[in-house]
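Next come two complexes built around subunit A: one with subunit B, the other with subunit C.
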Partner chain A sequence: MKPEHYGIGIAKGLRVTIKHLFRHPVTVQYPEQKLHVSRRIRGNELVWDNVKCTGCATCSKACPIGAIQIATKIDKEKNKYDVDITVDTGYCIQCGLCVEACPYEAIYMGYSYEKAKYRRNEIIQSNDMLLPSETRIRSGYMSPGIAAQLPEQTLLLEKITEKEE
Partner chain B sequence: MAIKTEPFLLNIGPQHPSTHGVFRMRATMDGEVIVDMEPVFGYLHRGIEKLAEERTYNGFVSLTDRLDYLSSMSNNFAYCMAVEKLAGIKVTERCEYIRVIMAELQRIASHLIAVGAFLNDCGAFMTPIVYMIREREKILDLFEMVSGQRLTYNYMRVGGLSQDIPEEFLPALDKFLEQMPRWIDEYDQLLRQNEVLLARSRGVGILPKETAINISASGPVLRASGVKWDIRKVDPYSVYDRFEFDIPTGACGDCYDRYRVRVEEMRQSLRILGQARKQLPGGEFQTPVVQPVHLPVGEVYGHIESTRGELGFYIVSDNSIAPYRCHIRAPSFLNLTALRDMVVGWKIADAILIFGSIDIVMGEIDR
Partner chain C sequence: MMLESYALSSIGSALKPLPADWPGGFWWHWLVFTIIAILFVLLMVLFFTYFERRAMGRLQARLGPNRCGPFGVIQPIMDAIKALTKEDIVPYNADKVVHWLAPAVAFVPVLLVFVVVPFSNGAMLADLNVGILFVVAISSLSALGIVMAGWGSNNKYSLISAMRAVAAVVSYEIPVVLSIASVVLLAGSMSLNDIVLAQNIPFILMQPLAFLIFFIGASAEINRSPFDLLEADSEIVAGFHTEYSGMKFALFYLVEYAEALLLSVLITTLFLSGWRGPLLPPWLWFLIKVVAVFFVLVWVRTTLPRARIDQLMALAWKFLFPLSVINLVITAIEVLAWPGGVPWPMLFVNIGIMAVLIVSWSRLFKFGWGRVKVEA
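Let's look at the complex of A and B:
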């Protein structure tokens, strides 16, 4: 089957391409400009709350990969249980099942990306490294209270500013 | 004196940009014409079916994302539906509707990549796929909003969803539904009547109706051959029987038909989305389920119309917290078996095009 008039299809295609020349770009210059990620982002650094955590290891059991290890021991001086948590972020697939499983809301997904590490021993994180800090922000995944405090997600749907025809 | 020629073996892949993943074709060539073709795969094998046997039912949902990584929501949907079928869990209305919305958004996102990659293989280098990735990005934004990830959503659970949709989701969806038809029309205009594309894809790689049925192809590959077969219509699951939509079919099953069927399916998905958005009820998004989920002894097969065809999960349970056996019926895998029939007799440049028109995802084939 042959087209009736050669060249019309190509001209129509070119029209679309030329229209795009006059549209605003939708991309940003990444390292300088950054968009806001979702409030529920399952970022790549877990945040741990050592006050709420009871060391029940529900998160460890829920983890499909086995990246979380929890050990408890008796601290005789303070007469309480001490929780030892170790997260192998190299194995973590950021599925968020540990956050869902935790009955005490003691573990959160991180509100972060671009957290590459230079050394292998830095990817295994434990105890104090997992506490919330300025660089280790809690994400609103499974906790709407925290989500409300985070900035609103940038949507490409709203970003595209097209000239009306 | 005639020149003595003999067929030679040409190896394409596994590290080749047009094999869409780590797929390898061993083609026996007579000059530029393919006389025989042997697909070689297994480079991405991770043993996901075996991994299912040592994970809880909810724990495996995160791994179903890694099967067909361009339509993770459909995978979640199919798996959760199969488990719920055996457990006898009834999910709520709201949950069903949200699942349908997610599955249809995913179909559009996946078909955009399929069409873009196909046009890329045709030689329309990078322009269409970049436009289509931009549209897909809008859908990914919506998915990121509800589930927190952009590729491996892990959104559905046995008995419902992980979380309800946030309040800013529905306005964004409305905006998307308003914008998207115009974009699809525009991209359709980009290459539908292009003479070069027509010359390259019309009548190339014809898959006859009978062969398509014999190899148990499904999805757009089967429908392009003229068979009106869609699980959403012939065996309605979830709430699909409440929506009005058509099944687009092709005329003869060539590469062009497969491309057209995908574009039409995007339009039909938008129709379903519009209806689902209007009918979306309130209420609970989750049925309470005792964790970890225990299934009664038995076996179940749950299937949905995924973006690439019939995606099925066959689960055998022995009343423990993990399946005894979990088999995945991967649509790309069965569609790929048509490749040899379609490719033989065509030139090497057409083989790339035919292969692109099947739209496979290696994560699902090798599992």
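Let's look at the complex of A and C:
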């Protein structure tokens, strides 16, 4: 017979819950408040660097889904080697194998994660749509240099506030 | 305050004599306090639904509802609008009359009990000299509404839930009434106003064991968690209101919180010296104490997991019932020993008796609360 049957366990439990009353809630009110994601996130888009890319199509071969298509042609008038890349991000599983395979660091995972689209044809992206920009930030996946510039991941908001009108 | 001139007179009649200082006499008094009682119940239920969800959220490190209005205060109104605009579904094979009547039968007794609750000195609809007996008798009637809902729904889960409700009410009525009886012995009156007037020291100190038994027993009787077996959603869907929707469901929801309000009000009146307190006006003290008791209810609900049905019965019959009998006998001896009123140092004796009784009686629970030992 353990001596704990006189209700001390209930008192202990009550103490635990009353402690929670005086700490900050963990709720993040998502659209208004956002946490910093991992600096090495494989977010749901690809970022392509048209300067470094040679059109070798290693990424296309590494892709287990076959979501990346690369077509190259020689533009003799401009004396240029044209690369035509098309990524069906609807098929992309964000595995990051293309980024690991690329010998020239010309393709990166994206840092953002809010890239849902309203139309099916919008998820097939090519060439200029894949370039880095203000809204298409490169993730630090496989590239520590970029990771060092991104904000550190947060798991909790410092102080949760109520919704501001 | 307005009625204290006649508050302590007239033992013979059920209703106190007409107040002379009210123009028109009894009827104005009746009208005003009927409106006050109904408004009190409805507004406090609205507040309690909001308060419970917020407090439970914060106790679980969440925020709770905060979208509708500042800090989510109009959430209960939104819930009411939602319930009102929903389709009212009656099952095809249901006992239609019983199914329709059940929410009203469950709600009316709870509302009736607030007739005898003093909001201030003598400020109540009817200062019955058998007030607490009235409360005990009427409040148990809402179990009938739950049984009607369980039967009328023609649903096995509803019926199981209804039977559990009856079992809980029948079992827990006894320790609850016995603990009320020891309070009545100490106060020397059954009128709730006189019980409040008798509490120079709050009875939670003079009768700690009775308070504990009343708190556990009454929260089991009104099916608050951890004793919410008749709404055990992991076992029997939603219990007796599985087949209810729209406003009829909202009425059951109202009953649930009105009963929680009733429990808070009764504990305030019986054990926390009701409307009495320094500085602030009596009605404010009353509200503060009611909300504080309800916070404890929410706190317990957040903390404890649900008990099994056999544990529920074992707690009532093997623990609360004998302890309440012993407490009643001890209180009776104290009242006999000091006929002019039990002196306040006895509260230390009573607290000591409570500690000894609880620890020693809990040692008798050697069967592991119904856990079956499997022989190899």
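Here is the rule we go by: the second predicted complex is superposed on the first by the 132 of 165 C-alpha atoms of A that agree within 3 Å, B and C clash if a C-alpha of one lies under 4 Å from a C-alpha of the other, contacts with A are read in each partner's own complex, and residues count from 1 in each chain.
The definition used in the following text is that a contact is a pair of C-beta atoms (placed from the backbone, for glycine too) under 8 Å apart; a residue touches a chain by one contact, two chains touch by 3 or more.
Here the structure is a predicted model, which means the values were calculated and not measured.
Colleague: On the superposed three-chain arrangement, identify whether subunit B or subunit C touches more subunit A residues.
Modeller: Of subunit B and subunit C, more residues of subunit A lie in contact with B.
Colleague: Would you check which partner chain A:Thr17 touches, where first means subunit B only, second means subunit C only, and both and neither mean what they say?
Modeller: Both: A:Thr17 reaches subunit B and subunit C.
Colleague: State whether A:Glu122 touches subunit B only (first), subunit C only (second), both chains, or neither.
Modeller: neither
Colleague: Under the stated touch criterion, which partner chain does A:Pro64 make contact with: subunit B (first), subunit C (second), both, or neither?
Modeller: first
Colleague: Looking at A:Pro25 after the superposition, I want to know if it touches subunit B, subunit C, both of them or none. Which is it: first, second, both, neither?
Modeller: second
Colleague: With the two structures laid over each other on chain A, which partner does A:Asp82 touch: subunit B (first), subunit C (second), both, or neither?
Modeller: Neither partner.
Colleague: One more residue to check, A:Arg42. First (subunit B), second (subunit C), both or neither?
Modeller: A:Arg42 sits against subunit B, while subunit C stays out of touch.
Colleague: Is A:Tyr141 contacted by the first partner subunit B, the second partner subunit C, both or neither?
Modeller: A:Tyr141: touches subunit B, not subunit C.
Colleague: Could you tell me if A:Tyr6 is touching subunit B, subunit C, both of them or neither one (first, second, both, neither)?
Modeller: A:Tyr6 sits against subunit B and subunit C alike.
Colleague: Return the residues of subunit A at which the contacts from subunit B and from subunit C coincide.
Modeller: 1, 3, 6-7, 10, 13, 16-17, 20, 26.
Colleague: Okay, in this complex, where on subunit A does subunit B touch?
Modeller: On the subunit A side, the touching residues are 1, 3, 6-10, 12-13, 15-17, 19-20, 26, 37-42, 62-64, 93-97, 100-101, 109, 139, 141-142, 147, 152-153, 155-158.
Colleague: Under the touch definition given earlier, write down the residues of subunit A that touch subunit C in their complex.
Modeller: Listed in rising order, the residues are 1, 3, 5-7, 10, 13-14, 16-18, 20-21, 23-27, 29, 160, 162-163, 165.
Colleague: Using the touch definition from the top, list the residues of subunit C that touch subunit A in their complex.
Modeller: 55, 57-63, 66-67, 70-71, 299-300, 302-304, 358-359, 362-363, 365-366
Colleague: In the complex of these two chains, what residues of subunit B are touching subunit A?
Modeller: 55-56, 58-60, 62-63, 127, 131, 134, 137-138, 141, 144-149, 152, 154, 162-163, 166, 168, 172, 175-176, 179, 186-187, 189-198, 202-203, 291
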